[in-house]
Every structure is written in C-alpha cells, then in structure tokens.
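Below are the structure tokens for one structure; questions will follow.
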Amino acid sequence: MSLTRLTAVEQADLLARKQVSSEELTQAHLDRIDEVDSHVHAFLAVSPDQALAEARSVDHDRATNQDLPPLAGVPIAVKDLLATKGIPTTAGSKILEGWIPVFDATVVRKVKQARMPILGKTNLDEFAMGSSTEFSAFGPTHNPWDLTRIPGGSGGGSAAAVAAFEAPLALGSDTGGSIRQPAAVTGTVGAKPTYGGVSRQGGVALASSLDQVGPAARTVLDAAYLHEAIAGWDPKDSTSLNEPPPAIVHAAKLGAQGDLTGMRIGVVTQLKGEGYEPGVLQRFEEALETLRGLGASIEEVDCPSFDYSFAAYCLIMASEASSNVARFEGIRHGLRVGEDEPGATAMTMMSATRAAGFGPEVKRRVILGTYALSAGYYDAYYGSAQKVRTLIQRDFAAAWEQTDALVTPATPFTAFPLGEKVENPLAMYLCDLATIPSNLAGIPGMSLPSGLVDGLPAGIQVLAPVRRDEVMYRVAAALEAALTAQWGSPLWANAPDILRQSGKEDAR
Amino acid sequence: MTALPMDFDLAIERFDPVFGIETHVELNTRTKLLCPCPTTFGAPPNTQTCPACLGLPGAMPVLNAAAVESAIRLGLALGSRIPSVSPFARKHYFYPDLAKDYQITQNVNPICIGGHLDVELDDGEVVRVEIDHAHMEEDAAKNTHIGGTAGRIHGADYTLVDYNRSGMPLIEIVTCPVEGTGARVAEVARAYVAALRELVLALDISDARMEQGSMRADVNLSLREKVAVDQDKVPYGKRSETKNVNSLRAIERAARSEVCRQAGLLAAGEPVVQETRHWHEDIDATTPGRSKEHAEDYRYFPEPDLVPIVPDPAWIEELRRGLPELPAARRRRLAREWGLSDREIRDAVNAGALELIDATVKAGATAAAARKWWMGELARVANERGVGLEELAITANDVAELAALVADGQLTDKLARQALAGTLAGEGSPAAVAAARGLAVVSDDSALLAAIDEALVAMPDVAEKVRGGKVQAIGAIVGAVMKATRGQADAAKVRELIASRLGV
Amino acid sequence: MSDITREEVARLADLAKIALTSAELDRLAGQLDAIVDAVAVVSGAVDESIPATSHPIELTNVMREDIPEPCLTNEESLAAAPAAEDGFFRVPRLMGETP
C-alpha cells in the first residue's frame, strides 16, 4: 500500500519504528503532488527543498535517538492564508502575489517545532472569502471525488490535498465553516477549535472575532494530534486563551473505544430542516441511530435565534473583513497599480491598486461591510448583529443545560458543480448555514464523514461547549469508529481514482 | 475667499470666541502602545518597526500595560472617572501614514471620562477647563514631502514614510468647549496647554517636548455672534481645527490668528468652512488642510484583536496613592514654605524658574536668595540672549554655591555677578571663577583703613562736611575707597569704618 | 427594504478606496440590495435590552510588560515595499496640484 494512503498516525508510527524515513515519506507526498495536483490544484506553492531538508534533519535526529515530538517527520500542507517565513504567502489574492513574509505565523512556528516538513501552501478563496475556492485569484481547486465539482471553501485546497493523499494533514482556518464545510464535501475531517484555543497570529485576517485556525485530516485522531500540536496560549494573540489546552488526543482515543454511554447529544431543530438536501438529512438521521447505538441519548433542542445567525454572520464577517483588508493598498507590501498615471496621488494609487488587486467577492464583502459600519447604518446592521450574537450564545448556553454535545449536518448539500453559484452570492453564503453559529459563539465544532449521497461525501458536525474541545473529539471519534465499521473501510479510502477521472474528462 | 483678517480687538467686540483643545501626549513608555518596538527618538527611518506597526498581514496588537497605567494616572490627576470597562476601537481612513489603514483608538468608554484642569493666568485669575475625556491611541507614521515647497504637502513630488512613529503610545486629552473667555481666549488656550504640560511632566508620563512633537495641540475655534443677554444660548459657529501648533507661543498666536481670520470672513458675509487647518510659524497664519465638509465616516467598531481594559479598583487606588504632588498644590506649598506671595510664585512659574529655584533651595540656598538670582541677574541674561533659564550654562548647585559665598561675606553682590558671568562663560563653578579671577571681599581692616586715610587726605573738604553733620556726603569717600580697592571691599563696611574714623 | 443604489455603492467604494468600474457599480448595486434585504432581519430580532457581543469569549486586561524586543531591520521592513528610497517607503504625492 502506498505510504500516502496511510493516516498521519500510521505514518508517525512507521517513522518511530524506523521502518520508513521522513525523507521517503515526504518524497512520496511530493511525488503524489506531482502526479495529481495538476488535476486537483490543491497547492499554490510547493516547497520541496525546505520540506526535504526538514525531513532529513528529523531523520538525522531520529537516527541519533533524540527525543522527537509525536508527528515529527510527518509532512503537512499549510493554507496559504498563514504566513510562512521565506515561502510566498498570497492569501489567494493577486494583491499579495509575491509577498514573502519575514515572519512565521505562530501555528507555522508550532508546526516547525513539531518537526513537520511543510510541503507547500494550499489554495483558498481570496482572503478566505468564499465556500468553493472558486474565488481564488489563482484558479479553483477541484474536488478529488469529482473533479468537476467544488472542494468547498475557503479551505478547499487543504481539504482536497488531504482527500487526494497529497498530504496527510493540513492547516486551515475557519471563519464561518472554512475548515468544516470543505471537510464535509471531500469526505475528510476538519475541526474549528474553541475561539482562542489556537493562535491567530500570522493568519491573514478575514473576520478577527470569528477566525480560528484548525486541523484538516482524514481521521479524527489525526486531527486531534495536529490540533494538540498547534493549540495553546500565544502572548502575541491577545484573544488567545491563557490556560492549558484540553486533552484532545486522549479524548479521541477514548472515543474510538466506541462507548458513549451517558452522553447526552442534542439535535438543533433549526439546523436540519429547510434548505438541507434530503440525502444529507438521511445520512444524518442514520448517524443519529449509530450514536444511539453507542449508548448516547439523543434529544432535540430548540435554538430559535439560529434563524438569524446567517444574517448576523454576513454583517459581522463583512464588516470586519472590510476593515482587515484595508491595509492592502500598495504601500508596504504587495501590488501597486496606477502610480504613473497623469495626476496620480497616493489616494488614486490606492484605489487603483485595490480595484486591480481584489477579486469580485472581496469587493462585494468590502462594500457590504463598509455599508454596515457606515454612519447611520451601524446600529441597524452591525450593532444588531452583535446583539444577535448574544442571543445565539444564550441559545447555546441553554442547550448545554440539557446536552453535552450537539450534532448537525455539516453542510446543507454535497459538492456542487464548479461555476454553479459563482454569480449568486446569497446561494453561496448558504453553504455555511450549519457551521456559522459556532463561529458566532466561539464554540468548537468539527465535521467528519457521515456517508455518501449519490456518490458524493456528506458530513456530520459535532459541536461542544467553549473550552470543551475534548468532548467534540470523543463523540466524533466514537461515531467515526462505528461508521467505519459499518462501511468496512474509511469513506476516503473509496474515493474514485483521480487520474482515471481526469482521463475520463479528457476523453469527453 | 478674499476677506482680510479683522483686527483682534474689533473681532472680540463683535464676536464671542469658543475654543476647545485636543492635545496628543506621547507617553514615555519604553515600548510602543501595541507592539514591543522601542520608542527612542531619532532612530534611522524604519528601524523601530515590526510586523505589527508596519501593518503586515497577520500581525496582531498586544497592549502595553505601562501605557494604560500612565493613562489612568493622568485621569486620576484630572479628576476623571475611570470606567469599569474601557474597550478599544478601530477608526478607519486611508492614509499612507496609517499602517493598517485604521487606527486603534478608543471611542466608547475611553480610559478617562470627564475631569477638569484649573488654569491660572498671568494675573492670577483661575479658569476651570472642563475635560470631556482622554483616550489612548496609536500614533501614525511620519510623512516627509519631497519636492515642491520644502516640506509642504501641496505641490510635493512624492512622499517618504517612516513607520518608526507608527504605533507610538498617545493619550489624547479633549476639552469640553471653553466659553466666555472673550479677549483672553488666546491666553487661556495657551495657559491650558502649559498647565497640562506641567501636569504631564509632574506625573512623569511624557517628556512633553512640543518642539519634538511629543506633545501636540490642535486648537478648535469658532466664533458666534455676540449678544447682550443669554450669550450661552447662541449656537456655536462653524469651527476650524488648527493642527501643527508646536509651541506654547504658537498656541496663543494661532488662536488669535483664527479669531481674526474667522471674524474677517463673517464680517464680509463669507462662510467659515469646517476644516482642518495648519499653523505656520513663518507666516504667522493658518492655511487650509483637509476639508471636513463631507463629514468623515470613520466606521468605528470594537477592536476584535484586543480585549477590553477592566481596571481593578484596587489597582486604581494604588495608582491614586502613588500620584505625586500636583503642580497647583505644589505651588501653594512652595509659596508657604518660601514665604513668597502668589504673585511672586506665579512670576517664577511664568519665567520657568520654579523648578530651578526649588532645586537651588534643595542645594542649600535660602528661597529668597535662590529667587533673587534666578529671577534677577540670570533672568536678565537669559532674556538678553533670548533663551530659557534652563538653557543657561549654570546649574542649581552653582547658584546655591554663589548664594553661600555671598551669605558668608566672601563676595559682594557685585563680585558675585562677576563670578556668575564667569560660570556662564564656562570658566567653572562660581567658587572656581572667584578663585581664578581673584575675586574676594577686602575685609582686612588695616588695608581698608589705609585706603580710607588716603582718601580722607585727598578729600579734606568732604571730610569736613561730614564732620559738620552732612553725613550723606560720606558717599563720595566710600566711592573713592571702593575705587582704590577695585570694588573688592564691602561698601557697607567701608561706610562704617569711615564714619568711625570721622567720629560721626 | 433596503435601497442600495448605484450612487450609494459609489459612495461606499470611495470610502473603501476601490476604483470600481461602471459595470461593477451596476452589478454590485443589485447584488448588495438582495443581500441587505436578506440580512436586515437582524434589527427586528433584537431590542435595547440585549447587550452586544463583540468578542466570542470574554477576556479582559490582556497586556504585556513594557519591555522592548528586537525589531525588523530596515531591509526586512522594506522587503515587500513596492517602492522605497533612502530607507523610507516611497508613495506618490498625497495631494494633487495646489488648487
């Protein structure tokens, strides 16, 4: 069996037992990238030299029996939203093309401390604004399950890389579902930690009060290992939690034993009805049965204010986004346009640079956010959205009175064909219907495969209270183990062959 | 706009000025407000910069606790309320000196709310200036305009930006509108900034050097029609906001200049435009900057990357207990201790001599002597040279030494002035100058008596007059003796000896 | 119902410093109108009594000590600058010709 089809934990195990070197393992993934990425386009940049250098360094340290972290030598892909010192970081935008950061994002530093070779930077919607990666300035990523379909977004590159066996693990960022929704539609696992559980420092910000960096993986345990490696307080992020991170890996291992006796799991009335595809709902109901079978009790909880979460999210996200991308104006970094026009001033240069450097979705959100924050509209829009946020937190607080965790379908629908929603922003935003409330409330959430619908993956989302990420991992790992047993193999193991798909495409 | 400025006195006869001042004080913390870059003045461009203060993508702010402490101490000294929750906000506008194209500042529940500063004018009148609030914010970078008229934004070819100043810790103190100052408007404006500067220095939260820009005042001024009764019910006129006013003298002149300019416009039936204006020392006038006609839309919202300050009441109390004696109280105490009148203390303050006198007293001089030298001879020299007292090449210790030499009778006032001149000329301490120049009171009675006898012989008629009761004539003999001893004798003593020689 | 006109989009684009084309103004006006219609429900969902939440997790007093740390060098600071001169970032003039 190919090395690349192993889980990260299996790969780490082979490395620890010195049955494979990190160099071989890293090279195997680089070869796989060479083989399939022209079809998938998960990567914006591949960094073979740095990756192999780190792999050899880990091999050297292992050969001399030095203490190494659990994932040492296991390669990883990094969403191109996260600053990597010496490796170009574009955030999927033309305006940042060619930017080579002089610093590492804290999570990148942690990945380096975990001694994981960085394979490259993965594709995303420009500044993470999107749900399909179609808004990347550098072309869309294709879903490994069906290359004509979207891989989700914004972190479609990270999810597709993991689903296509180009990387065992990847880093993502999740503002309204950008880790979880791509995981759901690519048959992989993605987790958004508790807000503040993982540092945001060095992540190009979309909406600062919603953004959270997290792991993309093929299994819950793999995600847990990566999550644990990047978690923890960062004095450079004032919103990061100065407290020991939860014991996630332990919880995932506990969950995999398959006993959820006594666990009270809630189903949110508002997140399973209108707008959800019947097939997705059917897989969800079956997963509920499986959870019952594991000893959990299932009860329905009512979260009435969730009906407003989509609206509140749109306003808060767009407002903060309009502010966060203000700094892209052609002075300190990135693109500059229009400086030589007759009569040009700094102001006309900035306007021309932003017009040329931003894609349509960024322009849309910046204008929407500018509107929501502008004088006379603030109270009605941004101010009200912040109040809705309070109501959503209250609904969650009430839910935790009755339940230990909540489950929802991760997305309303499976992967749709590329191009289908590009001109319909509202329809595109609805991809994140189920994932948005947890960003507004800061709670942890993760998506794992619930099965196939017409040959395409669907996901189920597990939510837990703030700071209780371990509960989410325990439930997810138990469900994953049970579903894998039902299917006879992990869902991702059955993804159609990419090269054969592309052959079919070529034949057409 | 062609209207000429109106004469100030005429302007004040017709219009009632209202002013407010926004003062930016750069805190003297070691690091910037939101990143750990140092704050040293004068470093090469763009060397005190990091991803945060350059606004690089992904960089995040972290608040400097020392800046918060300074802000709270200022608030306590101003009698402000320190709110229980004080958040930060983003203020958006595009400008090359703004690294993120928003400024991290405070708009709701700033760190100091309300308060006042009692401002004493030259004649002793006290005007209470109410403080609206003071808030913390980050400074912008420094733009240097190249080409065109040197340093002017208009007509420049291009601009160079230095982000060393980006993110420097500022506290902005905003007054409520100050009404009813009439002809003293400019004087009150100046005295307020002077008092605030004195307070900030006493608290040691800023070096408050206006010429270096570590304290900068914007003067908002408007005029309204003067009426016989209910002046306070007349709405304010359109105001200008004059920036770049970087000395106390300039505050006063800029305020006067704006009164005259606006009065000229209003009298000619032309509108005053609500705008930012820039003060120019060289032309003694303001010029227009950005127009604020299209009310700027700063799109404030709570800064998501920083969490609110929730000052612990115990911390506030600790800071309150640690406040130094505030300038007004200190002046009252010094007046009492030194036995000086309010007027004398005020003169010392206005002359910038209070600290120097205090230091001189601490170095051992009597208050009377210290005041006499600093406010007398030294003030005269400083005035002659057009410099401040503190710029003279003499220390409080030098002055104390001089006072001691006089008190001990080793120098007369006249000799002391010579010693002082030597010290100011860089010849050493007053004692060293006296020794080097051979300045000493001739106190040897026999030497003096010899000189006196000589003088009496030379001026027999005068001696006769004195003996005959015209005692005032003795001055001529004293003068001759002083001349003979080259001024090194104590005149009083000479007078005494002559009197006894002549038996009067 | 909202009324995001072409003129309103132009005003917002000026505030946001994006030189939109005429076609973009038209398209965005229509799209934003629809989006704002969909999100305007928030104002009806809340009232005065509900406090606003700006941060998902309530933290306070996160501050650092006043201790300097190494800066970037001048070369690092200017590394990504589109234009630099004598250690400064260089930008076009701030204002047009004197009016």
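For clarity, chains are labelled A, B and C in written order, and residue numbers in each chain start from 1.
Here, a contact is a pair of C-beta atoms (placed from the backbone, for glycine too) under 8 Å apart; a residue touches a chain by one contact, two chains touch by 3 or more.
This one's a predicted model, so the numbers in the text were calculated from it and none came from an experiment.
Engineer: Based on mean C-alpha positions, which chain is nearest the centroid of every protein C-alpha shown?
Structural biologist: Answer for the innermost chain: C.
Engineer: For the interfaces B-C and A-B, which has the higher count of C-beta pairs in contact?
Structural biologist: So, comparing the two chain pairs, more contacts are at B-C.
Engineer: By mean C-alpha position, what chain is farthest away from chain A?
Structural biologist: B
Engineer: Hey, how far is the Cα centre of chain A from the one of chain C, in Å?
Structural biologist: 24
Engineer: Between chain B and chain C, tell me the centre distance in angstrom, where each centre is the average of that chain's C-alpha atoms.
Structural biologist: Chain centres of chain B and chain C, defined by C-alpha means, are spaced 40 Å apart.
Engineer: Mind checking the centre-to-centre distance between chain A and chain B? Centres are C-alpha means, answer in whole Å.
Structural biologist: Chain A and chain B have C-alpha centres separated by 57 Å.
Engineer: Which positions in chain A touch two or more other chains at once?
Structural biologist: Counting only residues that touch two or more other chains, chain A contributes 99, 102, 209, 235, 238-239, 322, 326, 329, 331-333, 346-347, 350, 370, 374.
Engineer: Could you list the positions in chain C whose residues touch two or more of the other chains?
Structural biologist: Residues 15, 17, 54-55, 59, 62, 64, 72, 80, 89, 91-95.
Engineer: Touching two or more other chains, which residues of chain B qualify?
Structural biologist: 51, 54, 56, 62-63, 94-96, 159, 161, 163, 297, 299, 301, 304, 306-307
Engineer: Across the complex, what residues on chain B touch chain A?
Structural biologist: These residues of chain B touch chain A: 51, 54-63, 90, 92, 94-96, 99-102, 159, 161, 163, 295, 297, 299-301, 304-307.
Engineer: Tell me, which parts of chain C touch chain B in their complex?
Structural biologist: Contacts found on chain C: 15, 17, 54-55, 58-69, 71-74, 77-78, 80, 85-95, 97-98.
Engineer: So in the complex, the part of chain A that touches chain C is made up of which residues?
Structural biologist: So the residues of chain A in touch with chain C come to 99-100, 102, 194-196, 209-210, 235, 238-239, 241-242, 305, 308, 310-312, 314-315, 322, 326, 329-336, 338-339, 343-352, 354-355, 358, 360, 363-364, 366-368, 370-371, 374, 379-381, 383-391, 393, 425-426, 439-442, 466.
Engineer: Taking the complex as given, what residues does chain B use to touch chain C?
Structural biologist: 29-31, 36-38, 44-51, 54, 56, 62-68, 85, 87, 94-96, 143-145, 147, 153-163, 297, 299, 301-302, 304, 306-312
Engineer: What part of chain C is in contact with chain A in the complex they form?
Structural biologist: 4, 8-9, 12-13, 15-21, 24, 28, 31-32, 34-36, 38-43, 45-46, 50-57, 59, 62, 64, 72, 76, 79-83, 89, 91-96
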